[in-house]
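Below are the structure tokens for one structure; questions will follow.
Chain IDs A, B, C and D follow the sequence of writing; residue 1 opens each chain.
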Amino acid sequence: MVTAVILLGDMIIIIRPDTSQEEIDYVISKLKDKKLRPVPLVGVERTVIAVIGDDCATSMDGISALSAVERVMPVSKPYKLVSREAKEEGTVVTVDGVKIGGKEVVVIAGPCAVESEEQVLETAKAVKKAGAKILRGGAFKPRTAPYSFQGLGEEGLKILAKAREETGLPIVTEAMDVRSVELVAKYADIIQVGSRNMQNFSLLKEVGCLNKPVLLKRGASATLTEFLMAAEYIMLEGNHQIILCERGICSFSDHTRNTLDLSIIPLVKTLTHLPIIVDPSHATGKYELITPMSKAALAAGADGLMVEVHCDPEKALSDAGQSLKPKDFVQLMKELKPLVKGLGREV
Amino acid sequence: MVTAVILLGDMIIIIRPDTSQEEIDYVISKLKDKKLRPVPLVGVERTVIAVIGDDCATSMDGISALSAVERVMPVSKPYKLVSREAKEEGTVVTVDGVKIGGKEVVVIAGPCAVESEEQVLETAKAVKKAGAKILRGGAFKPRTAPYSFQGLGEEGLKILAKAREETGLPIVTEAMDVRSVELVAKYADIIQVGSRNMQNFSLLKEVGCLNKPVLLKRGASATLTEFLMAAEYIMLEGNHQIILCERGICSFSDHTRNTLDLSIIPLVKTLTHLPIIVDPSHATGKYELITPMSKAALAAGADGLMVEVHCDPEKALSDAGQSLKPKDFVQLMKELKPLVKGLGREV
Amino acid sequence: MVTAVILLGDMIIIIRPDTSQEEIDYVISKLKDKKLRPVPLVGVERTVIAVIGDDCATSMDGISALSAVERVMPVSKPYKLVSREAKEEGTVVTVDGVKIGGKEVVVIAGPCAVESEEQVLETAKAVKKAGAKILRGGAFKPRTAPYSFQGLGEEGLKILAKAREETGLPIVTEAMDVRSVELVAKYADIIQVGSRNMQNFSLLKEVGCLNKPVLLKRGASATLTEFLMAAEYIMLEGNHQIILCERGICSFSDHTRNTLDLSIIPLVKTLTHLPIIVDPSHATGKYELITPMSKAALAAGADGLMVEVHCDPEKALSDAGQSLKPKDFVQLMKELKPLVKGLGREV
Amino acid sequence: MVTAVILLGDMIIIIRPDTSQEEIDYVISKLKDKKLRPVPLVGVERTVIAVIGDDCATSMDGISALSAVERVMPVSKPYKLVSREAKEEGTVVTVDGVKIGGKEVVVIAGPCAVESEEQVLETAKAVKKAGAKILRGGAFKPRTAPYSFQGLGEEGLKILAKAREETGLPIVTEAMDVRSVELVAKYADIIQVGSRNMQNFSLLKEVGCLNKPVLLKRGASATLTEFLMAAEYIMLEGNHQIILCERGICSFSDHTRNTLDLSIIPLVKTLTHLPIIVDPSHATGKYELITPMSKAALAAGADGLMVEVHCDPEKALSDAGQSLKPKDFVQLMKELKPLVKGLGREV
């Protein structure tokens, strides 16, 4: 039995067992056609061929279709601009004086959905007083059911702008499609790309053309690499102000709405220069888990939190079960202080 | 210990253990505020309160935030228009004389991406000859990496239209965002909503306004209910010509690109009146699995298949490893015939 | 359309749509046969029947097979002895003076496998000096491949006993099957039931008969309920000294060996009286993630950690890539101190 | 930036970016210490070192702990005896004249649990008449809850033996731990290793010493490789009569109890010489899905089915909701006939 393995700068090609020399030669000739340099190595029970090239990954389409090829394995990272190699120092995204990605931990808080001026203003004032630095709230709401409250639209954006005026808090809110980006950008300080839109590549390109920070939430089925590739889409258009956000992934584990995957945080900090925050509200779907998971997120190295707070959850039109009341948010902020100090950061 | 359980037409509310009567009464008063009818039941170790209402689900936001409430469980199905209850006989989507959802099994075939006129025409002629009834091909391609081939755009749509002209095969192709729907609809016979866009609600509403069949692919992390709710979004806008498509879900199981979840097929047929087809190419990511999984899909009750075929996979610009060559597609169609007959259907 | 819903103390039965009154009556008669009390309720679009009983769950086998029944949903928790309701104050497991589940956070450390006396003694002394309170090490090793090092067996247990003698650290080590429990119990202070054996019910019953603490690791595909039911198996035999351990679950997310599911910690603390610790080494499979995930685990409320430390990872016979060197463990313990203080606990 | 990649016969070592030449040299020296042959290759942006060795995988523990090493990737398959390379022709397991793995598709049927002599005999006669070739039934039952029916033990085995005597059907039943293997083997024709015990390595070794066929069910969180490694454990002890069984994996998809992963079937047939069957009852947990998923399993290439049939599901003590009634089993067998013929096999 002779198996051949072919190695490239970016990719490794593994040949099926019992492949004839003619077929291996055919693979090599195809690689040469693509201007790559194959190097043969004869091993104990297999022949190994290494191929060196400048930009192998993009030349590899088609190679995987050759009958001699068992699989093509990536070696290099497919992202470039977001990588630590591309920029060694961490990116600090600054929004109206608030720095995300620095020594200070930033807490974003506010209602899931904008429901009324009173609700937003009351909540905004409460979270500001408790120490939140940025206000969140959805004007366009992605809801599983078409029968659920879909958000107030531009009316909601105007309410958020008014809350900013009254409290001084910058605002983050979601743009759901390419058509509404311009409108949302008119009002928002940070544009959110939601979890379900993480691979809405048209939307990624659109927000990539803005000169405004983007909060990119991880998709429920996105691997670390897919998450970073989504950020790469935005950055490739010129927008370098990206804040990543872990918000839970799908798994069989059914005690929370999603499974919060905190181990991604230290890896994101190693592999990229981008800041990352955590949304414990959507991840768990349970208000009683927000405080412990907020602490865990910061302990794992997150640069901030995004927490749902509603001045009267019992009247909320969405996600009521995962919202903190203002007094619970005050308690959360109080408990975070000694923890953050113990981590050598500030809040 | 007294636990109370509250039952609604659409939802059941489970009360936390050791809740006081005052708190239970508060929950009941809140339900009455919402015009629902609560009915108390005293059990052995818990008090049970049933509440009857017309449209409970949409009245429930806020109830889950009450401290006495442990969880709110859905009882009824949240989808209405797509359900079998709404329409007993199965929907047959007719495209230029081809019927999807009838006795005949329909095979859609073609390249992953439109790359050139020659490639599409050669492939289209080959798949037609082998028995395919509809041509697939992407002009706008959602790719994980921004560095990968992104499709030919309108140029690709024109090539598809030319292939239709020459072969008579209707064409299905993807619209990636609300902005391109109109353009794609100008050329396509069926508009595809891709897996990553299954919860792009703006796009769902947009295609819901068309008078053209929509092929809706299941998201990689979508439950059966979320999948059907996405179809409900489309149907609520007036478009009833929907074809569902299972294409694999994310799981830990790493021998295929995604895990093909065929057990959804008989459930979709029971719960809804919509036809469902299967895409074994994207689900498995391996061309050698296309034939066995195509057979399995039809045996499970699928109304059709969507298979990637490329006239020269070695030159393909995307998904080469999961494309059949025309001669393999001929073999697939040949093997399907006796199987389909054994299932009491036709191909 | 008439749908009937039947509610029991422990279970709710949901009737299929369009079920006839005769069939509903048949379900009711079956419930009465089982000595349960059904209560009918007539709703807007469905008939609701509630049934009250003492111990419904165990009476329900068979009901789900009735053709009128769509599904049977659990309402109550199926575990009793491990629940907070059964015992309000938290269980503190004491091992040779070390308390797990109290105010102090306990760190267990040591090599994955016992390889030699020198290796264990050197590592044991190092971890003790750095602040570990319990020594871990495997004498019987569950390995995916039969060709991998399977552990030293009793020879390994003797080495662990010697390390206890020299350092005073109590030891925790795994029993892999019912036959070796007695032998392991002769040497160990805490018996570990490994992740792959979490539903080895024979083994659970066997360690349940011991008068020795058990460390029960969560299975990679175990839900919270299944995890607690495994503990219930042990406790039902009479052994109440159980320490739970979260060590990661399987998911599509491929940047770590398993996905550490920290949100289970606050829920375990709410639902049960048992202590819970976290194993960040097996969960992540990457030594560089041990420190951040250890911090996150404690911040989420864990009562302790179990960390792999090897005096010379480069020579390790298993799991080398997820072991800390003694100097890195010293650093970890140093970093944990201010954090634990910030959490209001001690280490 | 210089990255080094090191290639071995069995494993590929990827070096972290920006590693110094000294560190790379250190890795090379470590590999030479292990009697492996490293071969350096200088690439465009990285240095590549290939190492050839006889049995690299088992020499690699420790290498992953070197600070220069980013990851170690397997190239070869870790299983040997079960692989197609080890034995080209497919294994046919013969049980009392019944051949599993041949042209004929074999259906195993019977109750989940042995409950009484009448129940087993009635069911056995019914399934035999309908065409089943082997009788299934559990005497030792692994149940999630300790409060559920745990099986009749040896009394159950005697009932199964009596059913064999009366019907001539060989029997398959589960052994739950090493201690009961001998007892079970005394009565059973095929020993089942259950899903939860797939990585109970002590049990695998124990049944590996028997001269009796083993039915090995895939664990709910087992990858294809882990599944085959479990079979390798059995075969390494000398027992080559192994039948694999797919029975569903854990995933977020909640419409079935587990997610039936049928794409494993054609891969198992390619990679190994072992037969594989499918259990649609446990996989789906819903009796109405048994027929479509049985068909799908056979269409995907399965060598047989294991189906739960109970003469009176309404009285079943376990898994009632996923059992067929005898008359439905007759219908299933009838529907399978033309399908199996269409697949070119027999039943």
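In this section, a contact is a pair of C-beta atoms (placed from the backbone, for glycine too) under 8 Å apart; a residue touches a chain by one contact, two chains touch by 3 or more.
Just so we're clear, the structure is a prediction, and the values are computed from it rather than from any experiment.
Of all chains in the assembly, those touching chain A and also chain B are C, D.
Seen from the Cα centre of chain D, the chain whose own Cα centre is farthest off is A. The interface with the greater number of C-beta contacts, when B-C is set against C-D, is C-D. Chain B and chain D have CA centres that are 30 Å apart.
Chain centres here are Cα means. That of chain B falls 37 Å from that of chain C. With centres defined as mean CA coordinates, chain D is found 25 Å away from chain C.
Across the assembly, chain C contributes residues 221, 249-252, 254 that each touch 2 or more other chains.
The residues of chain A lying in touch with chain B in their complex are 30, 57-58, 61-66, 69, 72, 78, 142-149, 176-180, 196-197, 199-203, 219-221, 225-226, 229, 232-233, 236, 249-250, 287, 310, 313-318, 320-321, 323. By the touch criterion stated above, chain C contacts chain B in their complex at residues 1, 3, 5, 7, 9, 12, 14, 17-18, 39, 41, 43-46, 48, 50, 52-54, 73, 75-76, 85, 250-252, 254.
Contact residues of chain B toward chain D in the complex are 221, 223-224, 249-256, 259-267, 270, 283-284, 288-289, 292-293, 295-301, 338-344.
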